[in-house]
Structures are given as structure tokens and as C-alpha cells.
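Read from first to last, the chains carry the letters A, B, C, D and E; within each, the first residue is number 1.
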Amino acid sequence: MITCRHYREGVLEDETPFDPSEVAAARKAGTRVWLDAIEPTDEELKHLQDSFGLHQLSIEDSSRWGQRSKVEFYPEYVFVVSHGLKLDEGDELADSQVHLFARQGVYVITVRRKPVLDFEPAIKRMQGEQGMQHEGIGFLLYLLLDEIVDGYLDTIDRLEDLSDDIEERVSAEDAEAGTEGLAQDIFRLRQTVVRFRRLASPMREVLDRLMEAEGIVTPTLAPYYRDVLDHTIRVTELMDNIRDLLTAARELQLAQVSNRLNVVMKKVTSWGAIILLPTLIAGIYGMNFRHMPELNWKIGYPMALGIMAGAAFLLYRGFKKRDWL
Amino acid sequence: MITCRHYREGVLEDETPFDPSEVAAARKAGTRVWLDAIEPTDEELKHLQDSFGLHQLSIEDSSRWGQRSKVEFYPEYVFVVSHGLKLDEGDELADSQVHLFARQGVYVITVRRKPVLDFEPAIKRMQGEQGMQHEGIGFLLYLLLDEIVDGYLDTIDRLEDLSDDIEERVSAEDAEAGTEGLAQDIFRLRQTVVRFRRLASPMREVLDRLMEAEGIVTPTLAPYYRDVLDHTIRVTELMDNIRDLLTAARELQLAQVSNRLNVVMKKVTSWGAIILLPTLIAGIYGMNFRHMPELNWKIGYPMALGIMAGAAFLLYRGFKKRDWL
Amino acid sequence: MITCRHYREGVLEDETPFDPSEVAAARKAGTRVWLDAIEPTDEELKHLQDSFGLHQLSIEDSSRWGQRSKVEFYPEYVFVVSHGLKLDEGDELADSQVHLFARQGVYVITVRRKPVLDFEPAIKRMQGEQGMQHEGIGFLLYLLLDEIVDGYLDTIDRLEDLSDDIEERVSAEDAEAGTEGLAQDIFRLRQTVVRFRRLASPMREVLDRLMEAEGIVTPTLAPYYRDVLDHTIRVTELMDNIRDLLTAARELQLAQVSNRLNVVMKKVTSWGAIILLPTLIAGIYGMNFRHMPELNWKIGYPMALGIMAGAAFLLYRGFKKRDWL
Amino acid sequence: MITCRHYREGVLEDETPFDPSEVAAARKAGTRVWLDAIEPTDEELKHLQDSFGLHQLSIEDSSRWGQRSKVEFYPEYVFVVSHGLKLDEGDELADSQVHLFARQGVYVITVRRKPVLDFEPAIKRMQGEQGMQHEGIGFLLYLLLDEIVDGYLDTIDRLEDLSDDIEERVSAEDAEAGTEGLAQDIFRLRQTVVRFRRLASPMREVLDRLMEAEGIVTPTLAPYYRDVLDHTIRVTELMDNIRDLLTAARELQLAQVSNRLNVVMKKVTSWGAIILLPTLIAGIYGMNFRHMPELNWKIGYPMALGIMAGAAFLLYRGFKKRDWL
Amino acid sequence: MITCRHYREGVLEDETPFDPSEVAAARKAGTRVWLDAIEPTDEELKHLQDSFGLHQLSIEDSSRWGQRSKVEFYPEYVFVVSHGLKLDEGDELADSQVHLFARQGVYVITVRRKPVLDFEPAIKRMQGEQGMQHEGIGFLLYLLLDEIVDGYLDTIDRLEDLSDDIEERVSAEDAEAGTEGLAQDIFRLRQTVVRFRRLASPMREVLDRLMEAEGIVTPTLAPYYRDVLDHTIRVTELMDNIRDLLTAARELQLAQVSNRLNVVMKKVTSWGAIILLPTLIAGIYGMNFRHMPELNWKIGYPMALGIMAGAAFLLYRGFKKRDWL
């Protein structure tokens, strides 16, 4: 499904279905158009290619997915592949790839597939910012890229929350419960961070190259694009931060597991000694020697029990003192 | 065995055995030729060298193998060493080295050895793409390189499947079985990834240098070569991703082994106490003191058994509560 | 709250509330002004923007926080985001962001929010250094940046003290106590260092770019800015040093935990053998065979006890010798 | 001992003892000479310095050893320090440093010390390659450097064999034997690799700089030097490969040690239970209660033995099923 | 205390106390002077500043210490901060900071503080090398820097000895003793290496920048400075080597600790079984069943002892075979 929006005098009009003849008329009248293709079929893509003279290879890229974020400069237009990223309810990374074709003064074409990135906030801003109407296509492109990168910042915020959770759990980990779960949660969050980083970090180069190229980013727009670029840099830095934290958390968790093993081993030894020593005493008085005077004592039995209890208690106190129990 | 294909007016003709005089005729007529040598003997190589004026050193490179991927510019031709890579049925990396000599407007020579890389798909595309007939040798070279790099993407897909398997196994690893095998599988996959990376990553530089050099890559061909370059970059990034995942999986697996040791140690302690405490009680009533009133009680024996069972049960419940069992 | 200070003939006058008309008059008279906004409201920021023609985006940056340190060059002024850093009493990192707008020969505007960085020392130095009065805004900016970076050096000093503490504890760690706490303390200090580094290190680029840019840093001022730059480099190096130390400390601590486990296991074995061997002997003389001559000996019982004690003692000595106890 | 070889019309003549006057005559006649000093005394070096006007510092470098590979350009000659590397029978790295002085069109001087690198293969090639006689000194230098770098490739081959051995041992490590030796062998091989890398890797820069410099490497020689350079790059890459493999092997070995500890602990627990449970039963029937009906049963004793055997068997089967034994 | 040496016609005269008027006279006469301030007071520094027109900031640097090695170019002189490094008897790093001010053709000023670096060898060389008298200040500066960097090489030699010691201990570590000490020694040496590296490595940049700058390093001096630069590069490389070795040693040591734990655990199990099985047998014959025929056999008792000994021996041999004991 391809819809079309006309951008006249800095006002973004409502969307209409895509009609090539109308677009041709608009081009003649100098109106910029924004064509938005959601889950286009191959014919629709072919249609777009013919109407706007797009290169075979960039259309092929748009029918295949899983491309890395990149910008390519063709003689008549630029082609941007970008990834809208979001965490879903299960904190899994949802990747909404967006392809953008932009020709200064003429058109922006966006191709989206499921999960479809929401462009509503960008559309609202386009309708609102009257002062930028002369910037045309470059400003439209900025708003869309800004929308995408703002999504990165939201994702980072959530990832930071998740990593703070882990930091807390790992620091509070005196209790024995949940250790295995913790290692797995660290592993899963780290995987998410690695995937996010791989998808998000090439945006920096995309913006760098867009700013260097002539035509799209006018001097008036430069601070805006620099602002988006700045956000991508910050995203990368925060990512590194989270990765670092997760590494440290994992190491602390390993250290604690080792520590706990030590603690457990000491308990094994201590309780073993506390049970085995009385057993030895019981064994001694279970011997069948004819001449064992204690056996005939009236207080022999309570005495033996007393010795056992006393030995156990002394061991217990000794181990307690040395912090083995 | 050297076969020859003529590329006339954008049409690739069927292969014929290599005949130098025919090639010379074709050169005069301006027809481009593709010579394809599979497992050539030293004489055949010498033959090629003399017919096309190839440099001694590049022919020497072509008789020895194990070279890293590279491109070398000689005054009259370029020489490309590349590695076709594939995973065989045992998921072992199969390395099919391909050497390419290309002279703009005149010839492409390919030298292949066992395991021989399959060029059929590239040949099909050559016969199909009519629009590019004026691009000649550069386009032929692109198709061959694209074929090679597409093989990398297939390999990566398989490697990603294998690493997803490992990720699943490591995450599901509550069961105790298969732990040792897992560490070894991670090790083996990592070795494969390292080897793949070493062989595949120099292709990026090869393509970079081909694109910078004049003569081979015409402006019309540039997007095509950029596309291949893009694939090699993606391959490298996906490789890093897999390596990162494997590192994390290995660390999680180590953490789980440590965790499990803790669990086992707690069980040792718990069951030890549960068995040893009744043993102590049995030892007590096995003592030979004359004055042990319980021994004469009618209910002495069942009482003793009851105490043993009770002590064991209490311990069992206590350990269960503290999650030691 | 916005206050204003006039800087006339190298003398910094006392602060007055911000009055736009007065500032306009001062600008005409060639007096430089320093406007200092502490926790400004959005209206106050708007006010500043209108009076000094600041760009919408830099004002937006100043109302949002959590920006990374950066410098941005607008046609009429430079905009610097920087982070004053300090360790509070609990050795937590306190981040006092400071935004600076500077226009050569005209004004410096500082925006601070809680926790507010103290500028008193910088103000004292401004009033003191008479020789630099002709350097104007660039010198004011230097003093403020120097103040911020000096705070980094103080923080580093404290972090080095903390890491020396850990180094000592880890080296002295013969005693068994405090091991778990140690791992956690290393973890926490490392987190602080990572955060500090992330916030402090971009200052290097800020200073680099300020020095490269024309207008702000005059040749006379260059050594001063170079001095600040030098401090930021030193801060980064010392950070790396501390991180390295903490990594080493963590590893040593892990090695010690493993070592200690070995020691504990040897003790388990040793004491186990020392108790179990006499138990076996007691078991032997507890057997009910009719024909056990020792049982009838007068010295049978003391002999058995003697054998037990002797076996235990021999084992004890043996283990002691092999350093297992 | 210094010997001299004349290189006339592309033919390398037999060696004669070094005679300065003869060398001077040869220089006049335009014959190139190759002086080869093996373990020269200080006087011999002084002699060479005076005859050829070598700089004090490069002669000092030639009397001291342990220099890193480097190239230095003096106005009249180039000075190359290089390391011939070989693995001796104990697979220890043998370092044969070679110093080369070369002046285009005039001389090559080589200084070698024990263990002396063998130049025979290079001499053979010099006598063989008639086509290159006009390249003179640059070609001689190429042959010597190629000889050195070929030695690196041989060493790498051997190191790869050794690392493949370790890979196999680590993968086959189901057997318990040889574990400690394995860790040590990995350690030793890694040390060798690190040393090799440190000595071999600067050769890359040496060749880069030689190729950039004018005078030595003529266009005809460029492919030859590029070939050597290529080999050094390949050496570095293979080194990294081996290091990576060794790291992975070490980690796998650690994982296996941990795994095995788990296995051992489970066996301890299992066998402990299998022995201790019958012991408890024996203890129960060793109690001295008057009223224990089983004691009077005829089948009491075999029944007790049967219960013991049955309990042990049930435990054994249970543990076997859970893979603890 | 400031002393002064005149350097006339390549001869370094004996030291005299610093007398400004004398220095002024010497300057007029074209004699170069070397002023050497050991532990100067603030007034003495002020005195130097006024006499030679040194910049306030470089004098401030000279009164504070702990600066990183750096070179700063002022219009009239260069200012070098460097660190003389040595290992004291306890193998602790002793840091002797040296500040140098040099003005081509006029003066070198050195400022040293405790622990004072010894300049005697440099002074001897100055008095000896007659050939360089025309190089003046640049040559003096070279000798001082060479002295400092030679100290690095000595330190590295000692560090390599220490790390070889550790390598040997870690390789020989079959004996159980000294393990904990080893981990700590590795830790301490690593700290020393890290500190050394941090202080020594910036010297490379100092020399790079000195050689690039005009005025100080004349073409005649270039090989000498390059020689010093070469030494600093070698120092850095050797450092990395040692760090790498220490990392490997630490890892091997950890692996050995884990291995040894395995060995200990197997011994625990083995000895446990060897003691517990006879105990079980004793327990069986300690049961009070009326009908236990063996109890009445004459050979019952020796038979029981024999079974015990036999069981223990069989277990012992079995464990020995499997290498558990």
C-alpha cells in the first residue's frame, strides 16, 4: 500500500493513495511529495522505480531485508537504509527497517515493513514547524531520521533500567536464590545490547556522510543534523557503558559463586566434624572389650552422652568463631 | 584442463577447449574471452603465461596455494586471489581458492583447484543480463566476485543457525546432560568462525582497492561493486556478532558449571547429614554400657528407629526449605 | 535566577540581577559581561535566547540535561556542554553539568543546575590576575574550564586513594574475612570509574576543538588552554591506570578464592581421615566374633584407645608435614 | 671473519677473503661486491666502517645485539636490522640476527652472529637468476630478505603443527591424564608465539619503508618486494590465528577442568551414599535393645545383608540413571 | 641549589655556583651554559624565570610534580618534562622527574628533585665526545635524554629478569608450596610494569615532536635522536611482552589451581572409600543377630580383618590405576 502526501508551502497535507499522474503534476508545480509505502508488493516497488527512475540495485535492496544501515548516493537521489529499534513487552528487540529515498526539492519515498515503525510524531512535527518550510526535503528527512534515533534513546533508557536492575540484584546477592537465573538474565541482556549496537551504530556513519554530502543538508539544517548525529554518538557511548557494566556484573557474579562454594565447603567440613566426632565416641563405647571400666559405671551412659554433646558443642563454637559456620 | 568462452555482444557463448590461435583471432575481432583453468598443470599455466604475458610472480602464486585474498595491479592486468568458502556436511569449512586475471576489454582468466567452486549461477546471470553488454570484463569480474561473496553470506547464515543452536542449548541448560559436549561444540564453532573470518575479511580490502583503481570499475559498474563491498562489510559484522555471542555463551556455560558445582556440594552436605545423624543415633544405642535404661524398654527399639526417621525427616525438610536439596 | 557580572578593564565587578537593558548598554560601552543562570526557568532561558540571539537547538540542549560534553560552533558564539564532577561523602559520583555560551569580546553565559558547581575559586582568580585583562572572554572561559578540570584531578586523587585501599586489602588478604565485601567494593569502584571516564573523557575533544577554532584562543592564551588539555589527558591516563589496577585486583582476588578453596578441601580430607580411621578401629573391636583374643586382654581397651590416638596423631603429623593442615 | 663475493654481470663469483684494495679496484670497475662478516671482531667492524664510510651509530648497533628489526636511511646507504628465526629441535625459538648495509650499485654488507643464519639457498638463487643482473644490489638485498622471511613461513608452519597438536589434545581430552601438562604446553607455545611475533612483525614496516624509499627498489623489483611484504603480512595474520586458537584451547581446557570437578563431586556423593546407607543399617542392628524381634529371627542376618545390598543397588541404579556415576 | 657549567668549544667546564651576571657575560661571549637546579626553592625558580624569561606556566609545572612526560614549545625555548626511572632494592619503581629547558645556542636548564637522577655518565660523555662541539645545546639535550632512556632499558632488563623468575616458578609449580605468594608476586610485578609503562611511554611522543620541530635537532643530530627514539619504542614493545607474559603466567597459575583442586577431590573420594568400606564390614559383624554363623567360627575374626584389608587394598590398587591417588 502506497500513500502520498503533498508538502506545500511548509504544510503537510493529508494522505491520498498514490497516483503517478498526480505526482507528475505536483512535480511540475514544484510541490514536494512524500510517498510512504507500507509492505509494498514487488509490482508496487517496480511502479515506484519507473515513476522516479530509481536504480535497480537500490530497489533490490528494498525488496530484500536485513540490510545494515547505510547511505548511498546516486546521481539523482540518496538512498538511506535505517533501522527503527524498540523493545517489545518481553524486552526483546523489535527491528523495524525503514528505507528512504530522497531527492532534494522533489520527493521523499519511505518503504516500511512489519513491524511497521510509527511515523505519527514526525508527521505532527512537520505540520507544526512553520519556520522551516523553505528547507523542504532535507527537513522532512531530518524529521524522519530524528524520529528513528529518538527511538534509540528510548530503547537505551529501557536497557539502562534493565541493567540497573541487574546491578542491584548482583550487589544484593547475599541471598542464595536466583543465582542461575541471574547469569542467564545477564546473558540475555548482553545479547540484546550486542544486537542493538550492531543495528544502531552504523547510523553514525550514515549521518556523517549525509552531512558531508552536498545538496541535502543546507547550512540552516546543519545544526539539526548535528543534533541527531550527537544522539547517535551518545547512544553508542551509553551502549558501551551498559556492556561494561554487564561484564563487571558477570564477573562479580562469578566471584560470588566461587565465594559461596568456599562457604559451603567450610560448612560441609564443620558439620561433618560435628557429627563424626560423637559417632567415634559412640563407636568406642560400642567395643566389646571385657575390661572397660566405664561400661559398668552408673553414670557411664549419661557421661558418654555428655562427652558427645560437649565435643559437638566445642567444635560448633570453634567453627563459629572462625566463621566457618 | 582449460576451457574458453567467448563473450560477444553481451552474450556468453558455450565453452570450447582452449586454443591460443583462436584466442588471438578473437582478440583481434575485439571479442572478450573468459578462460577457465580447472586444476591446471604447470605446463598449462606456462602456456597461459606466454599467451597473455602474465608476470612470473603471479603465475608462481597461482601454482602455490594458501595465499591470502589480495589484488595486485600489474601494468597490463589485475590479479585477484580470492577464497570461495562453504560449510560441508560436517559443518567443516571448505576453502575453494580462485585466482582471477583480468584485463579490461580483453580477457578474464580464472584458475580453480579442488574443491572447485561452482560458477554455474554466475554463468546463468551472464547469459541473462543483456543490459550490461558494454561493460565487458569489469562486469564479468563483478559476477564472479559476487558469486564468491554470496557464498560467504550463505556460510554466515549457516553459522548463525549453528550459533543459535548453541545459544538455545546454553539457555536451556537446566538439564545436566551434554555439558562437556557443549563446551567442545562452542570451541569448534569458534574455530570455524575464526578461520572463516581470516579468509573472508581481506576481500573487503580487495574490493576497496579494485574500486579505487582506474580502468576496471566504470561509473556504471560502481554501484554493483559497492553492493559486493557492502556484503563483505556485513559478513565481517555478522562474524563479530557470532564471535561475541560465542564468547558470551562460553562464559554463561562456565558460570553454570560453577553454579552446578555449588548445587552438587550442597546436596553432598545435605545427604551426608541425613545419613550420618541416624548413624550416630544407632552408634549411641550400640554402646555397651550396663546402665542404659532405654535398652530395656519395650518400645526402645521402635522409639530409636522413630528418632532416626524423625531426625532424617527434619533435616530433609530443613534443607529443602533452604533450597539445598 | 540569573545574575550578571561586568568585567571591565580586567576587573570582575560584583554580581547584580540580570537586566537586559543594562547589558545592552554595557555591550555598547565595550564591557564584557558574564551572565550566570542557576536553575533557570524556561522563561528565563527564552529571555536569554532573545537577548543574545542564541540558536533554538542550543537552548533546547540547555533545558534538557544528560548531554555529553561537547563544543558547538555557531556563527556568532560557541556553545560548550561540560560536566563538573565530584565524589560525595559516600564516594558516589556527583555530576554538575555546566553549559557555557561564549562570544569573543562580548559575553560568557553559564547555565548551572543542581548539584550546582561552585565557581568561587574561579571568581577569585579572575579578580586576581591583572595581567590578562586584554584577553577578555577567552580568559574567562579558560578559568571556568580550568575550574571544572581541576575538579577532575581532585576526583582522580580520591579515586586513587580508594583504589590503593583496595590494592592493600587484596594484598593483605591472608585473613579470610571480608572477601565477599572486597569483590563488591571492587565492583562499585569500577562502576564509579567507568562513569567518571565516560563523563570526563570527551572534555579532551572539547579542548582540542576549542584550540583549533579561531577567535576564542589567542596565541597568548594557547599555553593556558594547552595546560588544561594536558590535565584532561592526564586524567584519562590515570583513569586507565586505575581500571587496570582494579582488573588486576579482581583477578588476584579470584585467584585467592580458588586457592583458599584448595586449602579448605585439603583440611576436609585431612580431618575426615583423622576422625574416620579411629572410627574404623572402634568398629573392628565392636564386632561380635566369639574368638577375638584382644577382647579378653586386660590392656585391650587402653591398647585400642592408644592405637586410635596413635593413628590419629600419625595422620595429623603426616598432613601437617605436607602442609595440608 | 669477513669474506667477499663479486657480483659481475649477474654472476656471483666464489668467495674470497676481504681485501680493501681489491674492493676499491672492483668499485672502480663498477663491479658490485657482497661482503659477508660472520662474528666480526671490533677491529674488523672498524675496518669496514673506514672502508665504506659507515656511520658511527650503525656500527655501534652492529656490535650490540638485541635490536629490533628496523631500516635506517643514511645519505649514502641503507642499514637494515633483521631477525632470522627458526625453531630448534626442542621447539625453542632460535634468533639469528642479521644486519645489512646496502648502497645502490656498489655493495651489500651483511653482518651475522651465532646462531648464524644459513645463506646458501639465497646464494644458489643468485647464481641461477640470470634475468635480473641489471637490478644489482636491490636484487641481492631482495634475495637475502626473502630468505629471512621464508624462514618465518617455515617457522609458522611448525607452530601451526604444534597448535594443531594442542587443539587435538584439548578436543580429545576425555581421558583424565595429561591435563596439567596440557596447560603448561599451551603456556609454552603461547610464549614462543609472542616472542616470534615481537621479532617478526616489525619486518613489515621495514619492507614498507624500503619500498617507499627511492633508489633501492626499482619498478622492476617492486613486485618482488611486494611479494616479500605479502609474506610478512601473512605471517602476522597466521600468528594472530594461532594466538586466538591457543586462547580458545586454554579456555576449553579450563572449562573441562571445571566440568570434571563436577563429575568427580557427583561420584563422591554417589559412592558416599552407597557405602553409608548400609553402614547405617548395620548400625541399627548393632544396637543393644533387649526387644528387637528381628535379632532372633533365623533369617534376620541374611535379611539384613539383603536389605543392605538392595539399598546399595537401588542407589547405584538411581545414580547411574541420573548420570552421576 | 643551582650550579652552572660552561660549555666552551665542546669542552664542559667544572661546575660553579649560579651567578646571573656571569651567565649574562657568557651569553655575550657565545658560550653555552648548563644550569642544573637540584631541589630548587621557589625563589631560586623565580630567579631562573627572570634571568631567562621563562613562561609562568612552565615554571609552575616545575614547582608542581607528578606531570606526565611532555614537550612544550615556547617562542624562545622548549620545555621538556621527563621521568628518570629505576628499580630500587625492593624492586619498587623509583621515579626521578627531570625538567629541562633548552634554548638553541644559549642554555640548557635542568631541574631535578629527590630521588635525584644521576647525571655523571652523561657528563663524562660530554667531556669525551670532541667531535660534536658544534652541535651545542641540541647535543647536550641528547646526552641527557639518552641518559634517561638508557635508565629505562636497565629497568626493563631487571623487569625481564623478574618476569623470567615468575615464568620459571609457574612452570615448575608441581610442588604445592608458594602458590598464594606466586599470585601476589605476579600482581605486584604487573602493577610495577603498568606504572613503568605509564611513565615511560609518553617519551616516545616527546622525541617524535622534538625531531619534527625545527631548531633543536640538526641533520647531524638526527641519527642520535632517532637512536633514542628507537630505544623508547623498544622499551614499549618489551613492556607489552612482559605484560603478555604475566597475563599468561596468571592464567596458567589459575589453571593449575583448578587442576590441583581436581586432584585433591579425587584423593578425598579415594581415601574416603578406602576407610569407609572396612568400616561397613566392621559394622556388619557388629550386628547383634543371634544367628550369624561366622561369629562362631574360629577364623571369623581374622577372616573379617582379612576381608577389610583385602577390600581396602583392592580399592587402593583400583584408584592408583585410574590415577586418582
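Criterion: a residue touches a chain if its C-beta (ideal position, glycine included) is under 8 Å from a C-beta of that chain, and two chains touch if they have at least 3 such contacts.
Just so it is clear, the structure is predicted and the values come from calculations on it, not from any experiment.
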Given chain B and chain C, the chains that contact each of them: A
Neighbouring chains common to chain C and chain E, by label: none
Averaged-CA centre spacing for the pair chain B and chain A, given as whole angstrom: 26
Where chain C and chain D are represented by their mean Cα positions, the distance between them in whole Å: 42
Sites on chain A at which at least two other chains make contact: 254, 258, 261, 265, 268, 272, 276, 279, 283, 286-288, 292
Order of the ring members, counted from chain B so that chain D is second: B, D, E, C, A
Touching residues on chain B, where the partner in the complex is chain D: 55, 57, 67-68, 70, 72, 74, 176-177, 179-180, 183-184, 186-188, 190-191, 194-195, 198, 250, 253-254, 257-258, 260-261, 264-265, 267-268, 271-272, 275-276, 278-279, 282-283, 285-288, 292, 294-298, 300-301, 304-305, 308
Residues of chain A that touch chain C when the two form their complex: 167, 170-171, 223-224, 226-227, 230, 233-234, 237, 240-241, 244-245, 248-249, 251-252, 254-256, 258-259, 261-262, 265-266, 268-269, 272-273, 276-277, 279-280, 283-284, 286-292, 322-323
